[in-house]
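You will see chain A twice below: alongside chain B first, and alongside chain C after that.
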Partner chain A sequence: MAESNAAPILTLQNVCMYFGGVRAVDDLSLEVYHNEIVGIIGPNGAGKTTVFNVLSGVYIPTSGDIFFRGERLNELPPHTIISNGIARTFQNIRLFAKLSVLDNVRVAFFGHIRYSLVDTFLNTRAKRDEEAAIREEALRLLEVFGLADKAALPAANLPYGDQRRLEIARALACKPQVLLLDEPAAGMNPNEIDELNRTIVRLRERFDLTILLVEHQMRLVMGICERVLVMNFGRKLALGTPVEIRNNPEVLEAYLGKVRR
Partner chain B sequence: MRVKNFATPLLVVIGIAITFALSYYGLVNAYYLQIAQYVGIYTIMVLGINLVNGYLGIFSLGHAGIMAVGAYTSGLLSKYVLTDPALFPLCILLGATAALISGFVISIPSFKVRGDYLAIITLGFTLILKSLLQNMEFVGGARGLRNIPGNTNIMWVFIWLVIAIAAVRLFINSKYGRSTMAIREDEIAAELVSVNIKKTKIVVFGFSAFLIGVSGGLLSHLLSYTNPNTFGYAMIAEGLIMVYLGGMASISGSFLGAALWTLLVEILRPLGVWRWIVGAVLLIIIMIFRPSGLLGGRELNIGAFLRQITRRDSAKAALEVANGGK
Partner chain C sequence: MGVLLQQAVNLLQLGSIYALLAIGFSMVYGIVGLVNFAHGDIFMVATYLLFFLATWLFSMTSSSFAVLLASTALAAAAIGLLAMIIERVAYKPLRGAPKVSLVVTSLAVGLLLQHLVLEFLGPNSQRVPRMVPDIKFTVGTVNFEFYQILIILFALFIMLLLNQFIRRTRTGVAMRAVSQDATAASLMGISKDFIISVAFVIGAAIATVGASLYGMAYPIFDPYIGQMINWWSFTAAVLGGIGNIRGAVLGGFLLAAVMVISPMVLPVSSYRDIVAFSVLILVLLVKPSGLLGKRSIQKV
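What follows is the complex of A and B.
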């Protein structure tokens, strides 16, 4: 833990993502350090989710570089990036609706499973042992989120809050070092947000995670983030501690001023 | 548990013994035997179609063409090259391997194209293959390939059926099966939880084509001849009907669909051409009331079902049902 504190685990260098004339992300640079929680905020259309899409390989950045543990990520396909240690959740929940809760989590072990197609068809010892271990591990993950007793249900049958939790559980099954949470508190009430705050902090300790989160809920961002990046029109408006951000006149004008009650 | 592990191989051995006796001693009316063989052959085909159309959720119409590859390759081999009847399984295997390669080819457009467009591409594959076969004289042209040794019997159908069911079951309950169904549910989400989409699609299309190829080989050796017209629109439609009738993404459903359709076609034989109308009406009714087929997405699992009824550890039993039996 200590040795990696010096070098950033994730680096964005002048990253641009243009869609035709639309500059969704424009010249964004950011260094994220091990075990940090970094919040990304900004008005609608500021490019927050696009940052996540670029980081997870959905889009290839127009220019600029992304480094993860010193390795360049830019042109790697998503499944390779995810297997290497960056996992994410989705703003609009994207579970595998008809699969069971358990299978939703087990799917996410794909990148780490070693047994081959030959093992699959011959049902070798290696396959059976690994499958048993995965089942065990998946159930333990579900327990962390209080979903173990719902393991057999189709994911679509879960209530909204559980679906959000299952998304995080599924992302953790990818065994990430960096976790990208896209609006994890969307649609939650203040009590639920406080609970989510505790969960995220607990997850960071337990799984030794570095967390980036996109959020509109100031209660969440200001509560747990060590640093906050404010984006506006795809550009970096400010970067600093929650207190600095709260008192930054530019930010207040562009964003927080309208939200603060 | 131990009893169960022991029971399945025993049943398979008994099954092989019975079918062996049936095929070499003529204990049963040849007509019934023929129908049983059709059911087995079509079940293998439907399992193959179900892998792509049911589990992977890609609407493909390539199965007739793939079946033709299996039927012609194995037919040509056993007629001209591996003429010894003892080499029959090898002919089927090689035919299925040729079909597997054609499955790899069909999987390539599925990386980019989806939905109706992919259906049209796969339909194109089937029709191109049919025209090729019609115009290649060395495989008999439009008249078809005649005098293929009639090596298919109920025993071989049974053996291949057991292999097919076991293979599909093992596949579905593995990381590949899970990623296959995840792609069906949400391809982008699957990719973003580390599933290798291309690899999974190639594997599923290949495996699917292999099984369809086996069924094609068995069919041509059952009828002792094969012609391009066998693998046209009628075969495309019948394959789909059996999949939708029995159930999407279901192994027992694949058998049910193949059995029901085959029997129905035989029972309605006195109606002549009208039986196709009865079949189509039946399909419409099923589509209205059970759009994913009689056993869509589920399996007949008698053990887990009984345990659930007796409520002995019902949560565990429910889990087992959800996993399609462990």
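What follows is the complex of A and C.
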């Protein structure tokens, strides 16, 4: 890990995302290092999800630059960014509800297939072998999340917690180096959150991931993040370790302050 | 009884053709959200191409069955390519523009195709050369023709093939993913542009097969046939639930049922078009998203 810490894997330089007069993200700079878990917190409407949308190519930033492993990815289409190695989940679950659990994961391998259209038509050995390998890999991913026995069900039939887990499995099938988790703990109880904590840390080791997560659940953020970025009105309010953030008077005022009676 | 069976064969024949036409309409809508009113005129161009190919191939071989297969395959490939080019040139730059702009563009594309054909090939009716042997069968009191059976079987084959493609192949699964949530799909590494091209190519290729089969039953054509075809495929697709491929097939057969049955019970046979569109309005009043369609509300 020591040598890869030298250069950041992901860099945001003065990124702005304006919608008309609304400054959803305003002059945000951030460097994320290999294998880190960075949390992004902030009041509702602070621009957290917009950061993810800009990073994954849903929006093209109004100004500023995003570098991933030294390459600028501002104007790349989403599917190119994904196959370069940034995958994400969604705040409101966006599975392909009518596809089976297995197909939801299989489809995410799309950016990585090597066989050609000709192979598809001729059903060549190369195609069949790769398909079999993808199927196996997808099943293994489902196993990690305890979903293997539900592979044939339509995704819509899964209980809520399983749907959240399937979203993460699907994102991992894109073979990312950086994983963006948008409120992975939404709607979970403290026990489930503790389990999710362990899962995320385990995933980081197993898949050598760098993780960014947007979250409201302090239990998760303070538990596993090495650094926390606090946003307010699209701007960076503070950046530091969980302990620093917890003791930052500005943060307490703008964010936690609202919670106090 | 005999009459009913006779009409059942007619219904299956007509329904098969409508279904093939509606599939392309519905598929493009499901992927891009575009009501592609150029579909009918693409069908018309396909008919002309089939006509020229068949005439040309007959100068080389006398095997009418070989001519049928070869001309259909060649035309399907060429028309698929044409649809892909149309999408790239006319529709792709409008991505993100209001849906209405796209619909208007598709109308313009349809008219352009129609007037190109009018200008260069003339307004006269032509006749598709006969490519199937003229054989009649009689079972009991029911008479039907070889081409009717061929239409039904060929259409069934294409539909099963499409079903396999959509269920089994990766591209097919990716298409379903895009039609359910295009943004999420592109964020899972699926190239939306590629999938859109595939939808246009497949839709147009299947319409070409439809044109080939249509020509067996109704061999007379002119540059204006696209318009009526457009309305029939639109009606079938919307009846079944536009965007849903099974719905398109169901809508195709339902429309055929209306077209076959209403002349039997109504005093004037030309009332059938009135009935058909009334059924469309009625179905939409009761179920605005079509028979198999689903209302989808999405939060971004």
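The rule is simple: the second predicted complex is superposed on the first by the 256 of 261 C-alpha atoms of A that agree within 3 Å, B and C clash if a C-alpha of one lies under 4 Å from a C-alpha of the other, contacts with A are read in each partner's own complex, and residues count from 1 in each chain.
The working rule: contacts are C-beta pairs under 8 Å (C-beta built on N, C-alpha and C of every residue); 3 or more make two chains touch, one makes a residue touch a chain.
All values derive from a computational prediction rather than experimental measurement.
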item: Overlay on chain A: chain C relative to chain B, clash or fit; value: clash
item: Contacts of A:56 with chain B and chain C, given as first, second, both or neither; value: both
item: Partner chain(s) touched by A:92 [first = chain B, second = chain C, both, neither]; value: second
item: Which of chain B and chain C A:83 touches, first, second, both or neither; value: both
item: Which superposed partner A:151 touches (first chain B, second chain C, both, neither); value: first
item: Chain B versus chain C as contact partner of A:112, first or second or both or neither; value: both
item: Contacts of A:132 with chain B and chain C, given as first, second, both or neither; value: neither
item: Touching partner for A:22 - first (chain B), second (chain C), both, neither; value: neither
item: Contact residues of chain A, present in both the chain B and the chain C interface; value: 56, 58, 77-79, 82-83, 87-88, 90, 94-99, 103, 106-113, 120, 131, 170-171, 173-174
item: Chain C residues touching chain A - in the complex, by the definition given at the top; value: 169-171, 173-174, 176-177, 180-181, 183-193, 299
item: Contact footprint of chain C on chain A as seen in their complex; value: 56-58, 77-79, 82-83, 87-88, 90, 92, 94-99, 103-104, 106-113, 120, 131, 170-171, 173-174
item: Chain A partner contacts - residues on chain B that touch it in the complex; value: 167, 170-171, 173-176, 178-179, 181-182, 185-186, 188-197, 203, 297, 315, 318-319, 321-323
item: List of chain A residues in touch with chain B within their complex; value: 56, 58, 77-79, 82-83, 87-88, 90, 94-100, 102-103, 106-113, 115, 117, 120-121, 123, 127, 131, 149, 151-153, 170-171, 173-174
